[in-house]
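Listed below are the structures to be examined.
In the two complexes below, subunit A is the common chain; its partner is subunit B in one and subunit C in the other.
Right after this comes the complex of A and B.
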């Protein structure tokens, strides 16, 4: 209860309060294109009272200079093979809004329009939204890690072997175990989404897409934990390795420092982490609001589903031997 | 009465080592059969195959006529008590039993009654709602046994259930096993403690290096294999030891006369220790015995005779 629900809510509120200067979310966004012409339909989230002012630049260098000087909060580069975001320092919310816009606009840029068209999508992301998403993902990974580690202790304590002597079949037992862990994660995410939405007015985006992404995120957390728990070390060392790994993934995934404000390599690394993909997906949904499509979360879904499949498969394979006991098998 | 457990020709090898080699075991309803053996003899491997959690390389196991590997119905007839604890320590004893009851397919409407009965059977009713990690070692052992009783199995398999428990808990476990046996349950019991086997078991099988090397009723094995009663005779004058040896060596029905530790030791060939003859012959020879100690052979003597005294790891 503490790790699963109370801590994430408290931390979200505390961190959001610390960055409340961004609460008004009046943002100046630079935009430039890699080609000769700036050609994109740019979907910009925001309500009338929280406008995003769009400022075009001729090239990336000019956009970067504007970001560095503080003339704009962030800039997006569209039209190339991969969109880019330029942020100066720790600006998580502008960075995430810019990134969401950049990825959505990249699709349109490929269609080669002749001018920039501003479309208000009705999305909204504030520090509170960003940190609610970030803390939800972070504490989901901790909760699932605890559950998977507990399952591993059951395996090592030969509980599975004893369960195999009941009428239940091994695949039913494994399905029950993984199902319960999955359900635990979903409940945590669901409660945090509901509480943050109802009590703090956090915007999570389109409910259906949020639900689909939540399923993939829980699966990925289960997959990562299942991989980490198979590291062949002593149990006490495994706990340490797991916690360090969780923090590392959180850092690399941008849950503390958004990679858009760091050198490009961090942005690339973040996209290889399930944490980064989850954050990317959820913040895109929050930032784009009604403009979100299934394509908005396609990449996070693909990456996290793959991690989930690999990790859970590995966990299931390693559990098979735990169903057997005997003088030779047990030792 | 037909055998509730019928295991035939069980073989299991781990690599080149045959952990279990052509083991046959049969247990009838209302019977307790002990499986005795030193560490690594193959007891747990045998039990694992009987419980259906380890596939034998060859051989069959039938419980109540059903092949144990045929599916849930066969396993539902078996209650397994492992030598390690299969309890969740952060929930109560009652919650543990509810969980295991559900795993054993105890119907929901009978679950509460089954839990209460199992708790009463192991004397934990008053601590039922306490977390298991507040239980003593003996209480945890008893709860571990209750886990296997939830579904009223026809066959109860206990793998060293008394390891590390105090005499009171051990006695409670004995009474529980005896009560289930008297209720018609077939019991297969492994242990290192020979006094447990002597008290509980109608028959025992002694297993070593994966093979059952002897089997029979404890009294029969003792009579057949332990070699009679030992007498330890002290005489008033230790200088007469050599003379006493000669006298005792001449008595029919005795064998193996030795001296040492201030006494003369001799063993009877059968169950009769021939005390009257020993005293009479010694007195006739002018030797006055100051004390005679009788050492009745036990199952442990049989066990050590068959498996040797070398340490096992």
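Right after this comes the complex of A and C.
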């Protein structure tokens, strides 16, 4: 209950709250100019109503000192032969805004705004949406890892060997075991989708495609856990290896960071991780809503299905060996 | 408990254990380095001052290629190409690109282009730069017209800033992980009945807790020192005032000791310590700013984050590293860390005494 439902919700709220400040964006921008100091505000209409406070300075040195001390986030120097931007390396967003304003305060302003047909992409994925999806995937992997590890301990504790002595056939026992783990994962994902939708208003996208992707994600989690559990170490160490591997995969898959500024290399790495593919698929479904098609999730489905097949096959082969040991002992 | 007992614990629980166990060495020393690298690169991306512009150019004519090249030539813009409209729009919505340009099948300089814009803070400035770039394609901007950029303060690259933050962040994160995972030592003593047998001897609860805590302190301290030295050498990270860094690290290891003692009396089995321990550590780390700086989060959350020892350790380390603070400037943070450490140890001792008392009554 704690790992399956409570912690994912707590972490979703925590991370989403941490990145919610973006929506209340505000900055102080120093500006030095001989003419109309507020013209920059006019030529950047998107910021006319946004809280970009323009602080006038008499000269460049004063503006520079204000940036260095943190009194203003960045400064634009206009009115000379060419505009200049004074930025502090630690404040990238104000630096970007200042540069944009500086471009427009030059002669570009007269030419700007005439060749784009602006089309709204249809909204925005909120931090809450992104991290609800991310934490659902993360805690699914934890839950499935716990279940697969218990199954492994049953194998090593000769429980399967004992079951082999009952009238149940090995394939029936294995189907029951894997079916139960699969159902457990699906229930967790279903509950988290429902809770995040009802409580936080997260829109996961088209239900049918979400359901198909959820099936593949649970399968992939089962596959990854089945592969990890084969590492030949003591059970306590196996538990730690599993947790650490899940966290490492989550970090590589970009699950702890908002996608806006994540370096391109994470896009490439995430494509090789099943959790990264799941995140990509679910966020695309949430972003595109009714516009999403089966093609939207084709790549995540293919990758995750492959991981699921390999991992579960490995788990079944290992379980059959455990049954054979039981048969051998009986004879 | 005598000093001799504590030093014995240092040898038995700490160094000897690490020497014997390569698995522990890998988990405690090499893994944090991997996380520092990965998290550092990730955080470095947020300091990159360029806008990523998505481009869908299905025709690839000389005109569109020249326009894209003009946009790419802008030092503030980076172009990422997409193959279809849905992918481009999805990338805008997910925030992977600031805006997405769709060139029509027939396009000549001066014609309109469709631009997808999201609702992120990057959209408007990126759009203005793209617009200026497309305009420049018709009437090139001279070098004299371009704004010059003057950087003041730190001259570090975004990757250096990312690694510079990730190094103390992961040092703090893994000290907490170590403390919580090493609570398994006490859990094991309880589970196997060794604790009851030890306490049947003249040893007191404080002796046992002292030895277990000393082992955890040593492991966390050794790990932190290793990470500080290696990141200084490998990533050229300047941690700041040596005495300040040492005092913070000693206190941080004290927190790990407190966590191992307190949670060693709470976890019901070693499995819980190995599974719930890292999870709790991550939550404490996220609250305390080991995955992102607390100065980017809303003020109430930054205040709440200081219930976690990670926040105080990060405040101290970042003050020493980024703001040239001296050891005197971080004494308050160190004091809070020690209060937290001793509170945790006390709570652990009380919990253990309570449990043992109940068992004796039951017996």
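Keep this in mind: the second predicted complex is superposed on the first by the 213 of 331 C-alpha atoms of A that agree within 3 Å, B and C clash if a C-alpha of one lies under 4 Å from a C-alpha of the other, contacts with A are read in each partner's own complex, and residues count from 1 in each chain.
Heads up, the rule we're going with is that a residue touches a chain if its C-beta (ideal position, glycine included) is under 8 Å from a C-beta of that chain, and two chains touch if they have at least 3 such contacts.
Treat the numbers as computed from the prediction; the structure is a model and nothing was measured.
Once the two complexes are laid over each other on the shared chain, residue contacts for A:219 go to neither subunit B nor subunit C. Legend: residue contacts after superposition of the two complexes on their common chain; A:157 is shown touching subunit B, with no touch to subunit C.
In the superposed model, A:30 makes contact with neither subunit B nor subunit C.
After overlaying the two complexes on the shared chain, residue contacts for A:251 are found with subunit C alone; subunit B is out of touch. In the superposed pair of complexes, A:168 makes contact with subunit B only, with no contact to subunit C. Of the two partner chains placed by superposition, only subunit C is touched by A:239; subunit B is not. Put simply, more of the residues of subunit A are touched by C, taking subunit B and subunit C as the two choices. In the superposition on chain A, none of the residues of subunit A is touched both by subunit B in one structure and by subunit C in the other.
Subunit B meets subunit A in the complex at residues 12, 14-15, 17, 19, 40-45, 48-49, 51-55, 72-73, 75-76, 78, 80, 82, 84, 86, 100, 103-105. Partner subunit B is touched in their complex by these residues of subunit A: 157-159, 161-169, 323-330. Of all residues in subunit C, those touching subunit A in their complex are 23, 27, 31, 34-35, 38-39, 41-49, 51, 76, 80, 86, 89-90, 92-96, 100, 110-132, 134-136, 138-139, 141, 144-156, 158, 161, 181, 184, 270-271, 274-276, 278-279, 282-283, 286-287, 291-292, 296-298, 301. Within the complex, the subunit A residues that touch subunit C are 2-3, 7, 10-11, 14-15, 17-22, 24-25, 44-47, 64, 67-68, 76, 81-90, 92-93, 95-97, 99-104, 106-108, 111-125, 130, 142, 146, 233, 236-237, 239-240, 243-244, 247-248, 251-252, 254, 256-267, 283-284, 287-288, 291-293, 295-296.
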